[in-house]
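This is the structure I want to talk about, given as structure tokens.
As written, the chain order gives the labels A, B, C and D, with residue 1 at the start of each chain.
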Amino acid sequence: MERGILVVTCPDRPGLISAVTSMLALHGTNVIEAEQHSEPTTDRFFMRVEFEPRGASFDAVASGMTALANQFEMEWKLRSSARPKRMAIFVSKYDHCLLDLVWRVRQGEIPAEIACIVSNHPDLQHVVEGFGLPFHHVAITKDNKAAQEEAELSLLRDYAVDFVVMARYMQILSPVFLDGFPMQVINVHHGLLPAFAGAKPYDQARDRGVKIIGATAHYATAVLDDGPIIDQEAVRVSHRDTVADMLQVGRDAERLVLARAVRAHSEERVFLDGRRTVVLG
Amino acid sequence: MERGILVVTCPDRPGLISAVTSMLALHGTNVIEAEQHSEPTTDRFFMRVEFEPRGASFDAVASGMTALANQFEMEWKLRSSARPKRMAIFVSKYDHCLLDLVWRVRQGEIPAEIACIVSNHPDLQHVVEGFGLPFHHVAITKDNKAAQEEAELSLLRDYAVDFVVMARYMQILSPVFLDGFPMQVINVHHGLLPAFAGAKPYDQARDRGVKIIGATAHYATAVLDDGPIIDQEAVRVSHRDTVADMLQVGRDAERLVLARAVRAHSEERVFLDGRRTVVLG
Amino acid sequence: MERGILVVTCPDRPGLISAVTSMLALHGTNVIEAEQHSEPTTDRFFMRVEFEPRGASFDAVASGMTALANQFEMEWKLRSSARPKRMAIFVSKYDHCLLDLVWRVRQGEIPAEIACIVSNHPDLQHVVEGFGLPFHHVAITKDNKAAQEEAELSLLRDYAVDFVVMARYMQILSPVFLDGFPMQVINVHHGLLPAFAGAKPYDQARDRGVKIIGATAHYATAVLDDGPIIDQEAVRVSHRDTVADMLQVGRDAERLVLARAVRAHSEERVFLDGRRTVVLG
Amino acid sequence: MERGILVVTCPDRPGLISAVTSMLALHGTNVIEAEQHSEPTTDRFFMRVEFEPRGASFDAVASGMTALANQFEMEWKLRSSARPKRMAIFVSKYDHCLLDLVWRVRQGEIPAEIACIVSNHPDLQHVVEGFGLPFHHVAITKDNKAAQEEAELSLLRDYAVDFVVMARYMQILSPVFLDGFPMQVINVHHGLLPAFAGAKPYDQARDRGVKIIGATAHYATAVLDDGPIIDQEAVRVSHRDTVADMLQVGRDAERLVLARAVRAHSEERVFLDGRRTVVLG
């Protein structure tokens, strides 16, 4: 059944929940789920409402929001669940996050469409095409990076992509690319950021002798492994675990945390508040 | 700073969040935290709002709620954070849950008052009085149980007690006693209910060879270890863990889960929905 | 590099670790990993040693063990890592555990071979054959169960299968079948056994209102969901989680716990001690 | 019942487990628990054995070890469980770790003796003396630090202290002090090191927007929050958790992780391997 998803953010002040839910009630919709957060450190208000239209048109609700937005300096977005977001998945050679995302989308766990797969290696072409999904091999070298990223951006426009998932894509996207999808590129890093940013986090972790490792899903920004964190997952290890053992349990953590982050992003649950995220619901 | 806590439950229907938050906005209050749940299996709506009065009187808000309650068949309760709930703690000989609760109340982690401690053994009298808290030894035998429970109920009335915490109280309270505090008696059981109800749950757990044990905080009802569950905590064990080892890690789980349940109950976060609980926030 | 895996169990008494490790040292092997357990409640000793042969023949080590076994009433088994165990996977229609096992075996996470897939439904034939694995559709009805199980046993003999994994196989295997693979049939149940044995465990869990659900991998026995537990995994839920939500997070728990159990079984880490398991390493 | 605890470390080579356990068997002891680790990156071997003497004298076992040590370049230590280690606890004003340690020692969870409490503030004197434990107020200022640390070291010698636990002691111990107790000073830091070392880790954590916080027990070294990690504990948080909320759940993590580390250290389970620890058992 079709649902509306309304997300709102504005300066915090009394009466905001009342204003939004009353407008929705006035149009005859039925709120299924509503969650909000008032952030004391930034005085921002965040709200996400999921509702059954019950005959109300999305245009009418949008008009209602336009009026409220003026009054309360709101930024807002209204979407129908009938038009899921479209993602591109960027991979290199590792397949675990890719397979997991494809399986979850097919299973209905993630309400989004996989528009295409892009890779700097041809290795996964066969498996991707076995799923009936488009695969594009865009080889990146030091010399052709700017041009190839331009080709990728063009591909993403052709496929009407809304956001990009770096499913263990072993390349750093340039600021130019990221500007094309601001805060719409989700990366997974196999460390509990900010610990062990950069290359070979499990080698770093074993060298430091930590007893807990993990994985982090975050929005990619121009600074490596520094963007707003969406979700994290921790795993207990011991002196017995070699780097190979960490890679093994780490893969499970990576695919879990990436799946949760992609689901939350697809369902419009993730808000930015400066460098932090607010994840509602 | 004083806050109002409003809890509401009623048959689910459109417009409920709007109705409650608009009434609160009308009176000039500021909502700090609001959470609600629509339960599809029972068609019940549950809501908890915490607000700053900003000059509004609690009487005025209560009048507003009375009007809404008629319209929407609401059951509701309004409390000021300035008047915390009062608990009695029932103990036998184990002290870990008792000490933990006393420490957390003093630390401000649990917004409630400890009115008195009741025990069927004198063992903990010294430590309780060292905290400056009243201790009452009410010895229970097979023959005097009815009379002694009557004495306990009388004590609780004298101390104006709102709810009872069985902090490893090794007695079963009779239905007569429980009728005096319906769904206001919190028990902690050292098993992941419904597994291992009854006596010696860790012996049962080791005999069955489980790899995960735990603890459960629940409302006591006339049927042993069968009441609505408020919170649970799981702990991984192995073949190496003896019953004594389980008791040790189990104590940590018990005090954590009991503290969370008592805090949630004190903050009016726990609603009953048949045999289940809805714990908001 | 080839390794020897030696597992030993016998009545507990002093000198057992010394006896086994001295015999291994005498033959010039190098112990990589050794773990043992003395169970106080049954007075049994359990030991698993993984060693580099360093030129020693497995026959010579086996002769050494034969001598020790007489002296200490030992039951023992010696295997080379060069000859991995062979498993058959039984499935119905759900694919998540199957896909996960196939992927982990290919990844090298589970040191075993998948000999064949058996199913009572044809649904997964295409995907299984896509992996280049043999698929056998053995439809079971009330009337043909005994004959069909005989056919399955015959298949398993043909494929030289060492153990069977029920990867969400929605049939109950008869005692006759299980006698053919005593304690070599691993099942996964989507409940934290002994809680919620039998059908629809998440419906049972939601009805009871628990706050922690989970999954259990265990050896199948003639009594449903009652066999020795190998591993368990717990997941926190709330009133918000519907049965469908539990199914979703439950699938992640099931595939993790089944993978760990199959790996431990493949590596000869699981010992039986009455109704319990000892899982070394 | 008295037990012997033997810990051994040496260059890795074949035959070590056999050598040690055979010597113990020869003297008629009964091994209750043995665990070892061969570290591939440093080629070191670590072993811990707990045994019932069964009439064997500790001197005889020590002689046996002396012979082995020469042959295998072993460092070793033999202790009787009848003579538990003695700890001093350093505190400032926070009492949660102190109370928890005192309770666990009395409960028998930690096999060690609390020799004395040292603090740079007088606040906890009353509660410490209520437990019948010696309290020493050693006020530290910028100007008197060297002299006061000398006084502390003198105290620790008087009390025959084996190791020091910094139970939220808000001072940095100087290298001179630490040289007096090399790798025998355990600190707890309320962050998942190496993340958020230094002051106000929860403020740092909230500023970075992490979804998992935690606590770390480690040996104190001359570099702040940089010593070998003994144990860690992770806790999930969300955008809703303020720094005050983190402090609250953090206290639970701190006392758990510190208790586990102090128990492991008291039981001689912690070995150093460069900058890492090996924690056996």
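Points worth noting:
Quick note on the criterion: a contact is a pair of C-beta atoms (placed from the backbone, for glycine too) under 8 Å apart; a residue touches a chain by one contact, two chains touch by 3 or more.
Just so it is clear, the structure is predicted and the values come from calculations on it, not from any experiment.
Across C-D and A-C, the chain pair carrying more C-beta contacts is C-D. Taking the CA centroid of chain D as reference, the farthest chain centroid is that of A.
Centres computed as Cα averages put chain A at a distance of 37 Å from chain C. The distance from the centre of chain B to the centre of chain C, with each centre set as the mean of the Cα atoms, comes to 41 Å.
Residue positions of chain B in touch with at least two other chains are not found.
Chain contact summary for the complex, chain D toward chain C: residues 14-15, 17-19, 21-22, 24-25, 28-36, 38, 54.
Remark: chain A residues 37, 39-41, 192-196, 206-212, 214, 228-234, 238-240, 242, 273, 275-279 touch chain D in the complex. Residue ranges of chain D in contact with chain B, taken from their complex: 96, 99, 103, 107, 109, 130, 248, 252, 256.
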